[in-house]
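Pasting the structures here.
In what comes next, chain A is part of two complexes: it sits with chain B in the first one and with chain C in the second one.
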Partner chain A sequence: MKHGRYPFILSFLALPVGLYAWLVILPFAQAFQISLTDWSGSSNSFDYIGFDNYVNLFKDERLVLPALRHTGIILVVLPVVTIALGLFFAFMLNLGGRSRQGRIEGVAGSKFHKVVYFFPQVLSVAIIGILWKQVYAPENFGGLITGAMTAVGLPAPVNGFLADKRFVLAAVIAVLVWSAVGFYLVFFSSAMASIPRDLYEAAVIDGAGRFQMFFRITLPLLWDSVQTAWIYLSIVALDVFVLVYMMTPERGGPDGASEVVGGVIWKYAFNHGEQAFASAVGVVLFFAALTLAVVSLRFGRREQIEF
Partner chain B sequence: MRNSPVFNRRNLFGATAAGLAASSLAACATSGSDDDAQEVTVGDDAENPFGVDGSAPLDVVIFDGGFGNEYAVAHQAMYNEAFPDAEITHLATQAIAETQQPRFAEGKPCDVLDNSGAQQIPMDSLVSDGELAELTPLLDAPSYDDPDVTVRETLRDGVLSMGTFNGEVYALNYVFSAWTVWYDAKLFRDQGWTPPTTWEEMLALCPTIQAAGIAPWTYAGQHPVYLYDMLLILAGRHGGVEVLKNIDHLEPDAWRHESVVKAAEALSALQSEGYILEGTPGIDHIQSQTAFNERKAAFLPCGSWLPNEQAAIAPADFEYMPMGVPYFEGSVQPGLISAGGEEPFVIPKNATNLAGAYEYLRIMLSKEGAQIFGDTVQAATVVKGVELSNPAAQATDQLVSNPDDLFQPRFRFWYTAMSDEVKAALGALASGEQTAAEFIDRMQAVADETAADETIDKFRHDG
Partner chain C sequence: MATQTPAPSRASGAPREGAAFNLLSQGFLWLWSLLVIVPVVWIVLTSFKTTRQIAADPLGLPETLHWQNYASAWTNGNIGAYFLNTLQVMVFSITGTMLLGAMAAYVIARYSFPGSRVIYFGFAAGMMFPVFLALFPLFKTLQNVALLNTYTGLVLVYIAYSLPFTVFFLTAFFRTLPTGVAEAAIVDGAGHYRLFFQVMLPMARPGLIAITIFNIIGQWNQFLLPLVLMGRNPDDAVISQGLANLALRQGYEGDPGALFAGTVMAMIPIFIAYVLFQRQIQAGLTAGAIK
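What follows is the complex of A and B.
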């Protein structure tokens, strides 16, 4: 039996590993190879130029450096805000309500809220982009937020939020949060459902309030879920592209104020005809994502509690 | 029971990946065969000057944008009339770079490519990589309609310059268009306003326009490139076309020329005087054109395709009329206008049916071919003598009647980094975010950088 084991296992693994190698590993490997050349992307000839692309990348004050800064900001803000809101809403919907005869429930209408919050998840990113572009439009052109702000007497940016260097990045992040929060609400809700109720009931009997329940019971027991959400949102943050492409002036404007790494890769690859340089930026992004995942898995590790 | 498998998950994975990578790195995107490209020469047969093999298939890719692709289908029918056995592959798409760039990289490009739209493959990189066929044989060939006249002689003046890179023609820009300033002739008539010819007249008229509850100007704020020709032609009219040539040739301090500074200041002043429709920097071209159709603004800078594009949308009594950008008093070349060929058709050097591709372009440039285009999309081609019925097109023809005044500022098409920078800088200038001096400084900086960068191929007007 043992004798025929490896061929048997290998026969199962060959296809998936082969596909994975061909469709995932090989393109990655090629990106490394291409990043060392001067390939334009529209020719079949190129020369190897060593690490020049990598050196130039960190000198590019117009696109790459602003993009790295902006992606860095998104990387910090998006997970924090999304997870905080997701946890808050999930807690309120599951455990935040008044306790009736010792039973702990969510706020009134929590099922309805869950569906509503999940809504953005159902829309495709392209639709979200178009929708919010209009919401952020200048007041003169039917902008919802600018119009509402003026109506209540607040100063609104006259050219809308997306054409204003001060607000454009925050506006994009707000849409990202808006569209992600529903998913994490459901995600955290289901994780909360697996926390035994008697823990809460015991806490209530001991006189714990909602804050204590949240910080002493819910959060520690959800740590694994939070960590997963963190990594996933970080990857989303590194990959931000479509919304910037759809919503912002000149796909990263105005004047580069919402340039992100994904968008810069696209610009170099297809607008500038510098595939090799774009590949170098891609490789940097790849290592950033890898480092991030490793770091958060290593340092976020906590003791497991079984129940 | 311990076993130590030879293959654990990790090293199996690694070994496979390494093996695959080693064996197939050589066989992927970057490794198409570098065939020796054939050459097309002009033969004696006026019917078939390039010696097309009638049975060879032809692969045509059309940008499916504002002009659609109906005209191309008609051109292909003409090709099939001449070569009934040729099988034509027709692809109409907006994703030119995404679909065609990999084919170039593979060394198996299409035969005829309409390289247009937001997703065009950058011309500078195609030309520098030597991926395109030179079009002189086409221009020297006898025209489709008259064997005694060459194709070159059937074209309007100056339309080849856009596709000319250092003296060699690599693109046939098929559509003739001009960048002008548009106004609604009916609105001006009803209000008793005279369309201004000078910048000063325009400024004098602005308060009157505002008094009627209309903003004088709007533009596509999210795509500041719509201001590119307006600003440059304003400067070029004032200082003469040499000012613009110096900019295109990356001459030191070309941007600091007083005419350019004056034009930038004038554009900036439109904003600071409040002569631009509020919110304009935040809108795209569709919104600005809609605002214009709704008569919320009096002037809109755009290309000559605008009235056709808006025909079905604008109010029935809207009368699109073009004028040159109002020039400063004392301008040395007040007739200068940005006009010429757009919509570049190229033939890849490695095209399979090179002769067929040249023949296809020759058919496009025939009288019938150009008329088909004119009839389907109501726009002029670079072919002389196609009559268009609408008054806007006739007025545009007036504006471009002097060949010496036709000039297309080119640096945006030659140097992608400058293209990016000028768009961002124009946006900042016109929205009041930056001053004219800052605009000039940043454009001069990117021009100097481009000039100093030896890895960038440099181009010049007229070789």
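What follows is the complex of A and C.
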């Protein structure tokens, strides 16, 4: 069996590694290189200008700085809200029911809720964007929320929620949470399933209520999963763009009120022909993602609890 | 029996506070379900309305079933063609992803050779790259080899960008498979290739199915890559890109009914697949997240 081992390994690795190196690793490496030049993207001539793009991007008050601010907001709000809702739902649907004869189970209708909550996860961003754009639409375009608000006599924003500077970012974040919660519900549910039931049953006998069960048993034992979810959601938050592209006026408007980092990269690369600058913004994004992951892995670590 | 005796004494003290909490949390759980169901059902209803009724009566039921929207989305909006385009791409991209992913993962998981850790982490790191960063160089790379605006190019890119997660997940899966069966096959004289195709692949079926579902959903919903790499000819668009085009055109053609009909049509196959396979889909999509 020893013979032919290396030819076999090579023959199995050549295609996947080759393709991956060519279409993933190399373009990323090129982006780093491009970010050090003044290349527009269309011509073949460029010069290396060192870190000028990086210096300039922090002076760009029209696009980059607002985008950094908005992405920063998403980076905080999206994980916090999604994880809180996901944990609450997972707890209620798996453990929150009345304990009948000392057995712990989910509330009535849990199966139905789980199937419903998860559904947005399988819809494409294009569908979600079209759907919610219409839900948020102004009343004279037949928006759902504005229509319902007027029906009960509340003042609805005249231009809908997406063309209003005050609401647009919150509206986009709400859709992000809406589509992500189901995934984290299922994710936390499967983590909760691995916690032995006798822990809860013992707690019930000792007179613990559901709040205590959640904060004293579930949360400490789920810490690793929460951390993983945090990293995933942070990466999702940094990559937000397609929804903004699909839903908002001027793909980041009105007046740049929903401009995000991904959108700025898009605009500089494909609309403004400033490829080098766009790459520099992308590299900053890349290091932000990397730092976040490393920091949360390092400082979020707690003592492992064996069970 | 003895363990259950404390239960009644507790039940007599706590129920009132518990009941209020129950009601509140039940209410909240139903509220979230409605938050998912209402917009989806509403867009289905809206897709049967005339343009006039969509704007004038957003909350009402459709006056008549205006099937015209569906006809218009199918022919004028090209939804049918986009479906076929997507299928045409995905038959190859999914097969390729699974085959190449399984091959790489198998070798990484079951053979020790110099560089295997580097390759493994190289793939795993790919899960964290923001795809924006690569879009433009990728565009140029495909342009240089004349694969821009071709399905071949798109298939190769889909495979390459699905590999990190596929390899990462399948490596973990192949590691959990028992060694006994493989050793028995070797004693029986099976070579490396036969061992993989006839013994290990069938044994890895549950993992392969989970990750195939994951990739099907991921590639079906892919938007950014086709937008950049298949931008020249609108007729070649895949489904989510086609919907986005339709949404853009709806802006000046003023036929929102057709847009919503197209959206509903794009939702139907996903909805059916979800209802039929929701257990596997939930398992498949979250499996990779659980070490």
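In this section, the second predicted complex is superposed on the first by the 282 of 307 C-alpha atoms of A that agree within 3 Å, B and C clash if a C-alpha of one lies under 4 Å from a C-alpha of the other, contacts with A are read in each partner's own complex, and residues count from 1 in each chain.
Going forward, a contact is a pair of C-beta atoms (placed from the backbone, for glycine too) under 8 Å apart; a residue touches a chain by one contact, two chains touch by 3 or more.
Here the structure is a predicted model, which is why all the values come from computation and not from measurement.
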First, second, both or neither for A:Trp22, with chain B first and chain C second: both
Larger contact residue set on chain A - chain B or chain C: C
Which superposed partner A:Tyr6 touches (first chain B, second chain C, both, neither): both
Chain B versus chain C as contact partner of A:Gly72, first or second or both or neither: neither
First, second, both or neither for A:Thr228, with chain B first and chain C second: second
Partner chain(s) touched by A:Phe286 [first = chain B, second = chain C, both, neither]: second
Which superposed partner A:Asn140 touches (first chain B, second chain C, both, neither): both
Touched partner set for A:Ala31, first chain B, second chain C, both or neither: second
Contacts of A:Gly41 with chain B and chain C, given as first, second, both or neither: both
Shared chain A surface residues [contacts with chain B and with chain C]: 6, 9, 13, 17, 22, 25-26, 30, 34, 41, 139-141, 143, 270
In the complex with chain A, residue positions of chain C that touch it: 3-4, 6-7, 10, 14, 17-18, 21-22, 25-26, 29-30, 32-33, 35-40, 42-43, 46, 54-59, 100-101, 103-104, 106-107, 111, 113, 119, 122-123, 126, 128-138, 140-141, 156-157, 159-161, 163-164, 167, 186, 191-193, 196, 217, 220-221, 223-224, 228, 239-241, 243-244, 247, 256, 259-260, 263, 266-267, 270-271, 273-274, 278, 281-282, 285-286, 289-290
Complex contacts: residues of chain A adjacent to chain B: 2, 6, 9-10, 13, 17-18, 21-22, 25-26, 29-30, 33-34, 37-46, 62-63, 137-141, 143, 158-160, 162-165, 249-250, 253-256, 267, 270-274
Chain B to chain A touching residues, read off their complex: 3, 5-7, 12-13, 16-17, 20-21, 24-25, 28-34, 97-98, 101, 104-107, 119, 121-122, 124-126, 128-131, 221-224, 277-284, 287, 291, 416-417, 420-421, 423-425, 427-428, 431, 433, 455
Complex interface listing, chain A residues touching chain C: 1, 4-6, 8-9, 12-13, 15-17, 19-20, 22-28, 30-31, 34, 41, 85, 89, 92-93, 96, 98-99, 101-102, 107-109, 112-127, 129-135, 139-144, 147-148, 151, 178, 181-183, 186-187, 190-191, 204-205, 207, 209-210, 225, 228-229, 232, 235, 238-239, 241-242, 246, 262, 265-266, 269-270, 275, 278-279, 282-283, 285-286, 289-290, 293
